[in-house]
Every structure is written in structure tokens, then in C-alpha cells.
């Protein structure tokens, strides 16, 4: 190959560096972790544990890998988020105080009174995210959820453009991002609007499949550019300490 | 942990305090009751007993736990509601007279003549709810139904914002709230508009599944942040004295 | 209980008084009849016998219980209705002449030329119904159909509001009302617009289920506030003398 | 009964007089024929023989019962219709010449240039039908099809009103009418717009059910006010001489 | 019969003259061929061979029956069409040069720049077709496709009117026409817009049914006024030399 | 045949020249490769390997056949694309530097700020593609994706016209083009908008079919004008070195 070694090295590094989620079992499905600098969609129905997984992703980054991490919620206030995170493990509030864990709590409802200035609002939130990332050298971001973030935009096209714009910025800043998307009950859709999956570099999907009177949780890595990932649907559990994935177990054995 | 003990205690208390529904069998599914200060969606089709359960929730709060409770109906007038409640148990009217049980009966139909002032109407109802809660120290609220409450709003986004705003207010006032949502016949949806479940902290769903010539009632706790709840669909019955849940029984045994 | 006996008695009376349909078998499913002063939705597909049952309800009221009854049709003219009723039993025209049976025949088609004054039209019909009820002390009302009544209103919300308004008025005047709703062929919907069932106090549904080359009729009391009603789907037949329900027979035995 | 005998007689006559279709087998399903003065919907998918049956209905009326009959087509020109009718039996053109059989051939396509005067057009066609009926004492009418007749009207409500208006007029003029409606392929719908069946007095439905590589034709009388009709789906055949119904044969024997 | 013999003869001739497609096996299904002067819809999904069959129809007409034939394509340019036709048999270009085979190649995309003059465009194409037919005595026409032809028209009604107008003109000029319509993948629809089948005199449908990992082609004559046609779905194959139909073979033997 | 030999030769050449994809197994399904100068739709759901196949197509063209090739992406930036391509094989960047491989990386998101100049944007991109093709003698083009390219256009008609216009241009410049289209999850659709398949000369579809907890990839050549292609669904795999098709293997053996 006749192009400069430094370029190749940069490529290699960029391509191969892995960001561990440290969510039990998930990194194994990912053959080592997420690729650094990529945008990953995490989608699933109500009650499937998306928020828990997103919290684990940023908390583990801050506490285990000393990476500056950001959690953005459009549902809850900052204090409520910290309370919920503390249940997953000790020391979270400490990370916030030490400046390793950042939280933007911007309940979408508080925008209620500005309904006629929608674009400005969305732009402002996105700009705030970008500024926090840029100024603090954030390396992990979770956004809960992109549905809420783009909810006030009218058309699917506007949503897609806003989302693509955010993804590009986060990626160019070197952030590994988890973007949460709420899917409809009983669907096996990849996302709410049927387009989010095409904007991102990877897609992890959570299912809740009714079998008799139970709802069985299943997780699959549906797309992950550049990673030779597990392609099967795996069983997982939501416990007090967060989500645990069982990459060896078999779901739907009889189907 | 290096943050003040008083904060931690407040967190612990807030997190762990349970609000018992005292609906037979349901508190067991909830591993002890609802979490105080949370918003719970109670959804189900026509005739599944949502109204009965909501009445039980507020009446039990007022009579058994001496908690100030509020029942908001957008279907019926206040007097009709009291009549219906009396059938569930004796002494209800007494609670109303004593100021432990509050009832807002605001039939949506009476708003007919103000159709062009929709926002004002919705705002007024929500403000009235908030004022009653704030001035009387209400701790339990049931709203029958959020479909009716948001019916006059045009778009799903407006409905979601109004709902999120109400939830935030009730939660910040320390209220535990049951928000009723009517699902479509024969669907297994979680809500009417497919978004209510993402605004709340918990979701309880009622099903009526046709088997031959019967409609079998089933109840499931689909999401309940912070509670290690039962995840199976359970059988329940609507009797003269209210709803009874059978958390040990098996539904759909042969499916 | 510390509230006045007279209030309790009024409540008891209001709650417990039954209005017999005298449609063979149906009162048994209802555990004695409809509750006085309530609005009941009667829905079913084309050819399921809704009109016949509604005619039986008002004719039986007038002839057997000496209750002033009103039949409102938006499809046919008054004379045609009387002709059809006569086939169900003798003496109907006599009841009309004696002022026990009232008929409003207002074919919706005759409003054709007023299409731009829709609201006025609907309001006028509703007002006419209310006036007839009020001035004559009507106790039973059948409206065939609420689809036609609300057809000219644009949105589901307008339809719902109009319907709720009519229900409230009839209920406050002490009328027991049967509101007919046309469901779509082969659906198992409760109503045409998916909202009528939430406005009323009770829902009776007629099905026509194809089995091989037959259409099997089935009837179910889907919701009936304050009545411990039969919850199964029962077989019925449409004969020359009206509808007969078989509350003991089993439908779908092999399903 | 205390009303005048002449009224009763008129009622009896009006109710009981039957109009024979003379379509082999169909009158048996109808327990003697259609009721005079009623509007009947004849619906079915493409290729199910609606046009053939409608032609038989008017031709048989003119030739066998000496009733003045009218065929209205919005698809074809008058001459083409006469050609097609001649294949069903001899002497049709004679009936046209003798003034027993009337044909209005008004291909909807020729209205193309008047697209901006839609209401006028529809009104004109309907008025022309009414005038022909009134001036000539027409007793049988077939309209092929009401979809085409109402196609240019924008909303379902406008279509329903126009249809109801036409039905009322034809009925008040004493006409027995067959209104053709095209259903969608593979549906088991009763009509195209899901509302036609509620405007008419009776509904006859044609099905084409695919079984393996065949399409089996089935006919059912789905609703027929005042007639104790056959309620099963029967087999029929389309031959060179028109449609023949087999009211004794069994369809779907194994389903 | 008392009408003039010459009229009857004209009718007989017009009715009975058959236009052979000379597509192997298809004329047998049609009991001898298409009826002269009729409009036939040929519908099917992507890759089902509609274009090939249409080309065979016009080429066979020109070469075997010496009928002036016209192929209209809105997808491809004239030269490309001729190239494709040559693969079906030799001598096609000769027919074009000799003036027996006419081709209008008007790729819809070239209208791109005139988007605001849509009506004019559609009118122009239709007029051009009519002029070519009229001036050259064309007897066979294939239009590929009517979806493209009517695509720029906004509503289904406009599409239907335009189509009906074209059909009427072609029919009155004595043309036998094959109108191609693209159905949606995996549907068993008769046409794209669900209305084309009601405008034409006959409907031939192509299916591609997935069985395991194969797509089985099936053809059925769904409607053909005036012809006692085969009513079963038959197997066909697309070969280098065009489509061949196997009217004796059985499809779906085990279904 | 009486037309000039040079024309016939040109036709022959044009028809028969094959463009090898050199994607293992695919050329065998295509009976030798794609036809030169044709537009091929490559559609499939998220994660089915469309982008990988498109990259293989252009890289193989540049490196193995020395054909000038162009890759257009509307998702990613040029540098990111080159990085991704390098993983498929060595020397890609060299091809770019040597001017055999062209890349247009125009992330659609960067058009965000020009949202009100949509037509101009789309026109500009299409013109840029055409200019690059024309000026450099490009023979292979891949566009990833046509959904993104046409996303900003409002109606399906506008999308179809824009697409048809692009196809015509590329075809007339002698380009063999692969147009990528994202289908919806779990559908077996041929394309996103249900019309792309009718604009192109060929359609290759990728499926991901869930079987138990796996997603089985399948590929089928659904339409390929002028090629006697394999008609079955074949198994393929996405490996580190690109997509490999197994044209001999059987999918869905038991279905």
C-alpha cells in the first residue's frame, strides 16, 4: 500500500479501538465492545430496560474506564436521574461531583409553553449537548430518547435530518453514543419512525415477546458496522443491579 | 459515599416508601405496592374494570390509610361518581363530607360550547387538578381518563406534552397517580395513542382475551421503575365489591 | 352511615330499578334488565337485527309496561317505521295514536340540501329529541343510529362530544336509552368510531361470525355498569316476531 | 286494531307484494322474491356477475312480468348495453323499442370535461333517473354502479347522503331497485365504502373465494328487511344465459 | 326477432370476432382469443412478464395477422424497446420500417421539467395515442403502463376518468387494447389503485407466489365479458422467446 | 433481416456485454453478470449488507476490470467511506489517488440548513453525479441510497420522476448502476416506496428472515431484463471480506 503509514495507523486505531459497555454479556455479543466514535441505536418497547442499559453504559464509562460521560434525558429532571442511577451502583453522585459524569435533564414537558418556537428549542438542546461534549471532552453519550428529542419536529424527514446532524457532530467529536428509541408494543420494528436505523452505525434491539402469560426479553445486535458481531437473539434479564445478557442461552427453542 | 447523609436518607425514603393499592392481589404483584410519588398508567379496553380499580385506589387511600385522595372524572358528574363508589363499600360519602376524599366531576361534554377555546379548557382542568392537590395536600390521584383529558388536543405531540406536564406537576407535589387509558377492543396495546406508556413511571395493563365465547380478564405489570415486580399476566375478576387479582393463578395454560 | 336516609333511598332506588327489555332471553343475560336512566350502546354489523331489537325495546315498553317510549330513526320516514313495527306485534299504531309511542322519522337524506348548515341540523335533531322527551315524560328512547346522527360532524372529537352531550341530557331526564351503532363487516369492534363505547354506561354487541357457509349470530353484554351481567357470548335468532336470545346455549363449542 | 281497514290493507299489500327476480334459484333464497318498493344492494368483486344479474333483473321484469324497467349504466354506452343484453335472451331490443325497457347509458368518463361542476353532474344524473322513472311509471331499476354514481363526490358523507336521497326517491315512487356496488378483491366486505349497506333495505353479496387455483362463486342474502330469507352462502354459476343460483348446494363443505 | 338483420349481423360480428394473442396457451384459456374492440387489463407484480407479454401481443399481431399494432411505453425510449422486442423474434425492426408496427416511446421522466403542466402532458400523450391509432388504422394497442400514464394525476378519481376516457376512445376506434398495471409485491390485488379493473372489459392477472425459496408464476383470466373463459389459475413460464402459458397444468396442487 | 449489419452488431454488443460484479456467487445467479448500461435496484433491510455489496461492486470494477467507478453516499463523508472500503481489500486508496475510483460523499444531514431549497439540492446532487460520470468516463456507479437521494422530495410521484430521470441519464451514458434501497424491517417488499422496482431494469433483493432466534440472509434476483437469471432465493453471508453468495444452497428447506 502506497499511502502514508501515519494515515493507515490512524485508520487502524480508529477502526479497532473498542469501547466496552461493561454490561454483562453484551460485550461478548459485540466481540469485544462498541467501536469508538460510532452512533449506536438502542431500541425496544416500554419496560424493556433501555434506560437501565443506557445508565449502565455511561456510569461504567465514568467509573471503570475514567471516561468523561454524558447522560441526556428528555423525560426526567437531573436529580431524579441521579437517584435512579444510584440504585445501579454506589458512588454515582461522586462521579457527578468530580466532573466525570455529566447529566442534562431537560424534561420535554417544560418546553410546553414554547410550543411555537419548536425549532429553536430542538436546536438549543442539540447545541447544548454539543457544547457540553466539546468543552468537557466527553467520550460517551447516551440520549434518552431520540423520539422525545425529535418529537416536536413535524415530518419524518425533519426528524431524520436533525438526527443525522447530531450523529455527525458526536461522531466527529470522537464520542461513542447510545441513542434510545421507543418501539411500539408487540412490533418487531427496529425503531419508532422506521428510519432511525439508517442514520446510525449500529443497531441493538430489545424485544419483549409474549409466550403464554410471560413476556420473554430478547436482545439482538442487528447491525454493527466494522464488527463481526453475534447475529442471534439472546436472552437477558433486568435485575436490581442492571441488565445482564446471556449470550450463550437459547431463546425460542421450540419455534 | 461522600455526599451528605440527609440527602441519601431522603433518597432512600423517597425510593422505598410504598403506596398500597389495597386491591386484593395487586400489591403482591407489585412486590408491596406502588412507589410513592410516581405516575402509573392503568390501561385496558372497554369493560375491563379500569374505573372500578381507580375508585378502589382512591377510596382505600382515604379510608384505610387516611390519605387525602382525589378522583377526577371527565365522563360523569360528581354525584353519579359518589353513587357508584358507594356500591364498592360503605362510608364513601362520609369521606367526601369529611374532606378526605375529593372528587372533580367534569363531564367533557359540558365543554361542548367552548370548542374554540380548547387550550384554555384543558389548561383550566389541569390547573384545577393541580390547585386541589396543592391546597389540600392530596397524596393519591386517579384521572379517568387521560384520553378524555387530552381528547381535544389535535396532535399526539400536544397530547404527550400536556400529559408529561401534568405528570411532572403531580410527581413534584408528591402525588401517587393512576392515569386511566382506554385501549382499543381486541388490541394488546399498552395505551390509546401509543405514547402514554413512555411518559409515566409505571404501566399496568388489563386485557380481555376472547376464548371461545368468553372474555378472560388478564392483568400485567408491564413496567414499574424501581420495583422488582411480577412479570406475568395474571387472572382477575370484577365483582360487586371491586376488582380482585389472583397473582398465583395461571392464564392461557394451554397456549 | 351518617348521611340522610332519604338520599340513600334515592340512591338505592335509582341504582336498583330495572327496565325490562322483554326481548326473550336478554333480560336474563342482564340479570333482570337494564338499569333505569342509563345509556346503552347496541352495536352490530349489517343484518344483525339492531333495528328489530330497538323496535322491540320501545314497543314492549309502551305496550307491556305502559311507559312512554320514543323511537328516533334517521334512515326511514315515520310511516315506514310504523309499518315495520306492526309486523312485530299487533296494536302498535294504536299506541302511536294513544300517545304512548312516539316516533321521530327524520331521514338524514332530507338534510342533503342543507349541507352547509350541518351543526344547526344536528343541534336541531338533538333538541327535537330532548323536547319530545321532556314534554311527554318519555322513559325509553331508541336512536337508530348514532352513526347517522353524528355522520355530518367532521372529527371523532365532535362526534364524541355531541354523543356525550345527548347521553347526559337523556340520562338527566331519567331516560333509559338504546343507542344503535353500525360496526364494520367481519370486525369484532364495539362500535363504528371506536369511541362510542366510552361515552355510554353499557355496551351490548351483536356479532355475525362466518362458519363455513353460515353466519352465526352471537350477542354479548360487554359492559354494564352496576349490573352483574352474563359475560359470555350467546346465540340468538331473528324471527318474524323479533329477536330471541338463548342465554343457555353454547356458541363456538369447538373453538 | 282501531285504524281503518283500507290503511291496513294498503300496508299488507305493500309489505307482502313480491317482485320476482326470475334469476334461477335466487327467488327461492328470498322466500319468493324481493319486496316491492325496496332498495337492494348487490355487491361483489370484479368478475362476480353483478352486471349480468342486474341485466337479468330488468329484462325479466320487462319480458316476463310486463313491468316497465330501467337499466342505468355509468360505464357503457346505451348501444353496447343492448348488445350485451341480447346475449342473455332474445327480444331485448324489441322491449326497448316497445317502451317497456329503458336504458340510460351515461359513461362517467364523458363527464371528464366538466370536472369542476361535479355536484351539478351528479344531481343531473339522479334527476334524469327520477324523471324517467316518474314519467314512465318504471317499477324496476338497476343502477350499475353506485360507486361510479358517487365517485365524484369527495367524502363518504356526501356519498352516503346522495345515495340515501336517491333511495328515498326511488322507494317513494314505488320502484324496486338493484344498486350495484363493487367490492375490493379478496375482501369479504359488503360494499366499497363500508356504508352503502346501511342505506338500503336489503343486501345481496357475491363472493369469489380462492380455493387452490380456483375462484369459487358464493352468494348470500345478508340482510332483507321484512323477508325470512335464506341465511347461508350458496353456490352460483355464470353461464352464457346469465347467473344461476343453487340454493340447495353446499359451499366450503370442509371448512 | 323483429329488428333488422343488418344490425343483428353487425352485433354478431362485433361480438364474436376474436383477436388471437398467439401467446402459447393463453388463447386456449380465452376460448379462442380476446374479443375485438375490447380493453383488457394485464396486471402483475414486478418481474412477472407483463412487458414481455405485451410485446408478444403487438408483435404477433403485426407479423402473424398483418394487423397494424402500436406499443406505447412510458418507461423506455423507442430504440431500447425495439432492441428488447428483437430478442423475442426476428424481423421486428422490419415491421417498424414497413409501418405495421408503431412504437411510442415517451419516458415519463422526460416530462420532469414540465411538472407544473401535468394535465397538458397527460392529455398530450393520450391525444398522441389516439391520433396514431386513428390515422394509421391501428387495431392492437399495448400501453406499458397505465400506472405511469396516470401517475401524475392527483386523485384516484382523476386517474379513473382519464383511463375510462382512453378506453372509450380506443374501443370506439375498434382497437383491442392491453393495458398494463403494476401490482404491489406479494399482494393478490387486481390492480395498483383498486379501480382499473372496473374500467375495462377484461382482466388478466399474473401472480408470483413464493413457495419456499421459489416464486411460482400463475396466470388467471379474472373477468372477460362475453367470453366463456377458463376460470382457474394456470402456470406459465418466461423464456427467452417470451411467455408460455400451460393451461392444462395444476398449480398449488396441495393447497 | 433487412437492417444494416452495423446496427445489429451494436445491438448485439449492447445486449450481450456483461459487467461482472465479482461478488462471489452472484455472477453465477446472474448467468454471467449484469448487463452493461442497465440500472439495478439492490434493496434490503437494515444490516443486510447492501453497502458492503455496493462497495464490492465499484472496488472490483476499478481494481479487477480497470473500469472507472463511482461510489455516491448520502450518509457518510468521503474519508469515512474510504476507510470502510479498505477493510474489504487492500489498495483502495491507491485507486482513488490514481483516478480509477471516484467517491462522492455528501451526507444528507449537511443539507439541513438549505431545507427550503430542496429541489435545487436534489438537482445539484444529481447534476454532480452526472458531471462526474460524463467527464471521467465512469462505467460503474453505486448510489447509497436512493431513499436518501429522494427523501427531501414530497410525493412518491416526484421521487419516481427524479429517479427515472437519473436512471435514464446514467443509462444513456453507458453506466451500469447499482441503486440501493432500504426496505422496512420484516417486510418482503421490493423497495421502500413500492415504486422503485418499476423504474429500473433489474431488481436484486436481500431478505433477513427470522427463524427462531436467528436472522437468515437470503438473496434473489427478482427481475433482470434480458438475462435468464436464477429465480430462487439463495443463502449468502457477510464476512470480513465482503458478501459471499451461495447459489447452490437451499434456504427454507422445510417450508
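First chain written, first letter: the chains are A, B, C, D, E and F, and each begins at residue 1.
Assume a residue touches a chain if its C-beta (ideal position, glycine included) is under 8 Å from a C-beta of that chain, and two chains touch if they have at least 3 such contacts.
Quantities reported herein were computed from a predicted structural model and do not represent experimental measurements.
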Chains touching both subunit A and subunit C, listed by label: B
Most distant chain from subunit E, judged by the mean position of its C-alpha atoms: B
Subunit D onto subunit E, rotation angle from CA fit, given as a multiple of 5 degrees: 60
Same or different contact residues where subunit D meets its copy subunit C, judged by the half mark: different
Cα-centroid distance, subunit B relative to subunit D, in whole angstrom: 53
Centroid spacing, where centroids are CA-atom means, of subunit B and subunit C in whole angstrom: 31
Contacts with two or more other chains, residues of subunit D listed in rising order: none
Touch-based graph of the chains, sorted into line, ring, star, complete or other: ring
Sequence of touching chains round the ring, subunit A onward through subunit B: A, B, C, D, E, F
Contact set on subunit F toward subunit E in their complex: 1-3, 7, 11, 14-15, 157-158, 160-162, 164-165, 167-168, 188-190, 194, 197-199, 203, 218, 220, 222-223, 225-226, 228, 231-234, 250-253, 255
Contact footprint of subunit F on subunit E as seen in their complex: 46-47, 51, 75, 77, 83-84, 86-87, 90-91, 93-94, 97, 107-112, 115, 145, 147-148, 151-152, 182, 184-186, 210, 212-215, 239-240
